[in-house]
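Each of the next two complexes has chain A plus one more chain, namely chain B in the first and chain C in the second.
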Partner chain A sequence: MSRKLLINLVIIVVLAAVLIILPIALNNVYWTSILVIMGVNILLVSSLRTIKLVGHISLGHVGFSLIGAYGSALLVMKLGLSFWAAIFLGGLMAAVVALALAYPFLKVKGIYFALLTLLTAETFRLIVWYWPSLTGGFWGLLKIPSPNPIPIPLIGTINFANINNYYYLTAFIVSLSLFVLYRLERSHLGFKWIAIQDTEVLAQSVGINVKWHKMLNFAIACFFAGIAGALYAHYQHSLSPDATSRFGVLMSIYLVVYMVVGGESKFAGPIIGTVVLTVISEFGRALGEYQPMMIGAIAVFVMLLMPEGLIGLPNRGKLLYRKLLNQTQRMRRS
Partner chain B sequence: MALLEIHNLSKRFGGLTAVSELDLDVGQGEIFGLIGPNGAGKTTVLNMVGGTFFPTRGKIIFKDEDITRFPPYRRARRGITRVFQRDVLFRSLTVLENVLAGLYMSSSTGFTEIFFKRLSIHGQEKALYEKAVEILQFVKLDQLADEMAINLPHGNQRALCLAIALATQAQLLLLDEPLTGMNQEEIKAMMHMIRTLRDEKGITSVVVEHNMRAVVGLCDRAAVLDYGRKIAEGSPKEVVNNPAVIEAYLGKEDDAV
Partner chain C sequence: MDLPAQVWMQAIVNGFALGWLYVLMALGLTLILSIMGILQLAHGEVYMIGAYVTYYCCVSFGVNLYASMFISMAVMAGFGLFLERFLFRPVRAQILAPIVISLGLTLILMSTAVVGFGLYERSIPRLAQGSFVFLGSAVPKDRIIAVGFAVGLLLLLYLFLKKSKYGQAMVASAQSWEGAILRGISPNMMSSMAMAIGCALAAAGGTLAGSILMLTPSMGTLPLVKGLVIIVLGGMGSFLGAAVGGVFLGLVDGIIPVAFSPGLTSLAPLVVVILILLARPQGLFGHE
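What follows is the complex of A and B.
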């Protein structure tokens, strides 16, 4: 047990070190900006997987991310709130809307739930589009300020207009959020979610309030979608409700693809999926408009050959190795 | 004072009356059999007591509290637990985790408590774990604690169903055909367990069963349903020899011609 703990500790320290060194080592504004977006996407996909724990697939995660993004940006711009309060309130807004919608939505399952959430996200996007007096409409919301600088004695102020500093901020908030999501999954609450996904009637009959736990699950996941949206807004300094923006249908589908390719059975799946696909699609930029096709091809490839996703690869490798070993032994014998 | 009282209970599905004006009292510590031919409405009664659906008319009272319109999870917290007919288990969990699932429900109260307990106090976790092992020992599944629940043979799965129900600290077990599809030994073991639970922990059971011989051997009292109506009630032996019951099962003597 203590050895396992030690290994985990080493892994965490190494990961933290890599996260800290990465922008310095890269020393490239473009790649650092990719890392920031990647962090935002990791949080989105991981929280999407949280919904999957109770057995639902949401295609409307970008909609709640949009609420967080516009909510946080408008709170800062119109009400003069500090970024730190606004990002939290942005997430909270998404969670409250999610909780209210969850009640009617969770009456349905499977593809119907996916469709409802998809249409909801589109509705949110169109509300923003047709409400220019508040949101800037289709011109977009511009000049969203960076987070307020934090003065730190001795070192000086940390200014988040600097991309490396924003990267560290993102890394911190995303890591913290992932930690919370992980702990939730490992808590009694997460246990109940898995029980609900497994056998709803039995979950009911052992005393789980299935409906409430599903609503809570949806609200928590959407809270983190909102946080991710807010992180994006203050980084990009502008938001657009365009169909091709981050809040369009395509992005919803990308998020599911990231999750499926990474593998949804383990917590690390969405993280791996997002990192791998982001890096691949960056190197595939030369393909221009054919880039989504490449992602699609990879998704099909992974789904057909590795139903468990990339996260199942080590296990598969082990099995394959054993199979080969057996075969060679049999050949030697005969 | 009866533990469970059913007053004038009726359930209609569209035009079909599944249960009609049923009155039943189940006393504390009783093993009560609910028998009858196929389609007599036994499982419907169990569903209404368990909360799967609500009656069209009538009242269900548990420990002097009207629970007619309670959802299943609230009944479970009051001490009514359903043991399902098919092998309804948490399929992706191990045997031990299945029992833990039942235990978590009775141990946790609120959201904050659930979230922070696991973070800080490992002692409580250990206590639950020990309790789960104890329950598994009772149903003789402790050797299989780390198996996946779906990989167990049928008889053991039924025993696990019972273990999950025990973990919720049930006072009233609703057993839906607990002996179906079991071999003689498994039947004996299951009957022994139900009786031991009554004797040692005072757990009351309502058993829906086809197997007449098992009912006679197991139950203290039984009621017979036919077409949704109660046609007999009393000790199992009385009930089985009741002419109305024999008629319901085998038809009238004249019919035989």
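What follows is the complex of A and C.
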């Protein structure tokens, strides 16, 4: 046990060190900005996986991230709240809306949920589009301020207009959120969610309130989607409800693809999927219009050939290795 | 509202025509969903590619417009057979995999269209020129022809499912997959047929839309969302539900922007769906 703890501790320290050193080592504004967006996406995809824990697929996660983004930005711009309160309230708004919508949505089963969430995200996007007096409409919401600088004794003031500092902020908030999601999954609540995914009827029969837990799960996942949206808003300083923006159907598709390419069975899956596919699409940028085609082809191939995703590869390798070992032993014997 | 009667008439006719395009979309989706159990999210892209096939037949090769539409329906039916056999059949029994494959397919087909057909807008020639006078207002003929086509296809499909041996086999397969196998109905064949018919309907819808509206690589997304809403509204597998739901959504799209504001149009489907779900979760004409 203690050995395992030590290994985990070493992994965490190494990861933290890599996260801290990365922007300094890269020393490149472009790549650091990719890292920030990647962090936001990791949070989105991981919270998408949280919904998958109760057996549902959401195609409307971007809708709730839109609520967080616009909510937080407008709270700062119109009401003059500080970033720190606004990002939390943005997430909370997304969670409340999710909770309210989950009640009617969960009246139908299975696959309909995916379809209804898709409709929800499109509706939110179009509401923003057609409400220029509040949201800037299709011109977009511009000049969203950076987070307020925070003074820290001994070090001085940290100014988040600097991209490296914003990267650290993102890394911190995303890591914290991922930690919360991970702990939730391993908590009593998470076990109930997984029980619901495995067999809903059985879960109900041992006294789990299936509907309430599904609603709660959806609200929690959407809370983090809202946080991710707010992080994006204050980084990008502008938001657009265009169909090709981060809040369109295409982004929803990308999020699901990131999740399954990484493998949705393990917590690390969405993180690995997002990192790998982001890197692939960055290096595939030269392909231009062919880039979505490549991502789509990857999704189809992963589903057909390795449904458990990248996270299942080590296991697969182990099986293959054992098979080969057995064969060579048999050959030696004969 | 002091708008002239002509504007109202135009809004209603446009909405009605749009509604029937959505119905074609929803019929294909509900057929595929009830027989294969798969949410075909790339159906909007099938609709878009179908429209482009008609466009190229008609404009580049000079085939008659109506003949091009049937060619496009046949081509997309064949494409549907291909998709079913090689992409959807291997993952039939799963939940997540078919959705992801259809999403991947969406990306592939959409970027294929961007690369192959270009981003600029085109238009299929009109189905008919001119208009006729109805209740003192001019009604464009092409809208009416489009609605006629859609209604005709709906009736054909209805007759096929009710009267023919294969249609009955499909209904049986949708009702009980295992029961149908026991009666010697091949689920694979039924899936192929559902996919072929669904894709042909989408191609017809795309052609009609390309003639009334515009052709763009992203033209499939909106009808897809509408088609999905119609399934929830009308109830899965219900023809009457699809027709009523489609016409309703079309009229909302046609009338509300004229009467109130376009913002309301985008909100209406979600609100209606929520109300329906609260009152009748199985849809207006669906049954559990």
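Definition applied: the second predicted complex is superposed on the first by the 330 of 334 C-alpha atoms of A that agree within 3 Å, B and C clash if a C-alpha of one lies under 4 Å from a C-alpha of the other, contacts with A are read in each partner's own complex, and residues count from 1 in each chain.
What we mean here is this: contacts are C-beta pairs under 8 Å (C-beta built on N, C-alpha and C of every residue); 3 or more make two chains touch, one makes a residue touch a chain.
Note that this is a predicted model, so its numbers are computed, not measured.
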Review point. Chain A superposed: clash or fit between chain B and chain C?
Key: fit
Check your understanding: Just chain B (first), just chain C (second), both, or neither: which does A:139 touch?
Key -> neither
Check your understanding: Of the two partner chains, chain B (first) and chain C (second), which one does A:179 touch, if any: first, second, both, or neither?
Key -> neither
Practice item. Look at A:264 in the shared chain and tell me whether it touches chain B only, chain C only, both, or neither; answer first, second, both or neither. Key: second
Exercise for review: Please indicate which partner A:126 is in contact with in the superposed arrangement: first for chain B, second for chain C, both, or neither.
Suggested key: second
Check your understanding: Who does A:216 touch here: chain B (first), chain C (second), both, or neither?
Key -> first
Check your understanding: What is the angle, as a multiple of 10 degrees, that the CA centres of chain B and chain C span when seen from the CA centre of chain A?
Key -> 80
Practice item. On the superposed three-chain arrangement, identify whether chain B or chain C touches more chain A residues. Key: C
Check your understanding: Who does A:292 touch here: chain B (first), chain C (second), both, or neither?
Key -> second
Review point. Touching A:195 in the superposition: chain B (first), chain C (second), both, neither?
Key: first
Practice item. Please provide the least distance in Å between a C-alpha atom of chain B and a C-alpha atom of chain C in the combined superposition. Key: 13
Revision key, fill the gap. Interface residues of chain A shared by chain B and chain C, listed none
Check your understanding: Can you list the chain B residues touching chain A in their complex?
Key -> 50-52, 71-74, 76-77, 81-82, 84, 88-93, 97, 100-102, 104-106, 108, 111, 114-115, 117-119, 164-165, 167-168
Exercise for review: Mind listing the chain A positions that touch chain C in their complex?
Suggested key: 52, 55, 57, 59, 101, 104-105, 107-108, 110-112, 114-116, 118-120, 122-123, 126-127, 129-131, 243, 249-250, 253, 256-257, 260, 264, 289-293, 295-300, 302-304, 307
Check your understanding: Given the complex with chain B, which residues does chain A contribute to the contact?
Key -> 183-184, 186-189, 191-192, 194-195, 197-199, 201-210, 216
Check your understanding: Considering the complex alone, what residue numbers of chain C touch chain A?
Key -> 33, 37, 39, 41, 87, 90-91, 94-97, 99-101, 103-108, 110-112, 114-115, 218, 221, 225, 228-229, 231-232, 261-263, 266-267, 269-270, 273-274, 277-278, 281-282
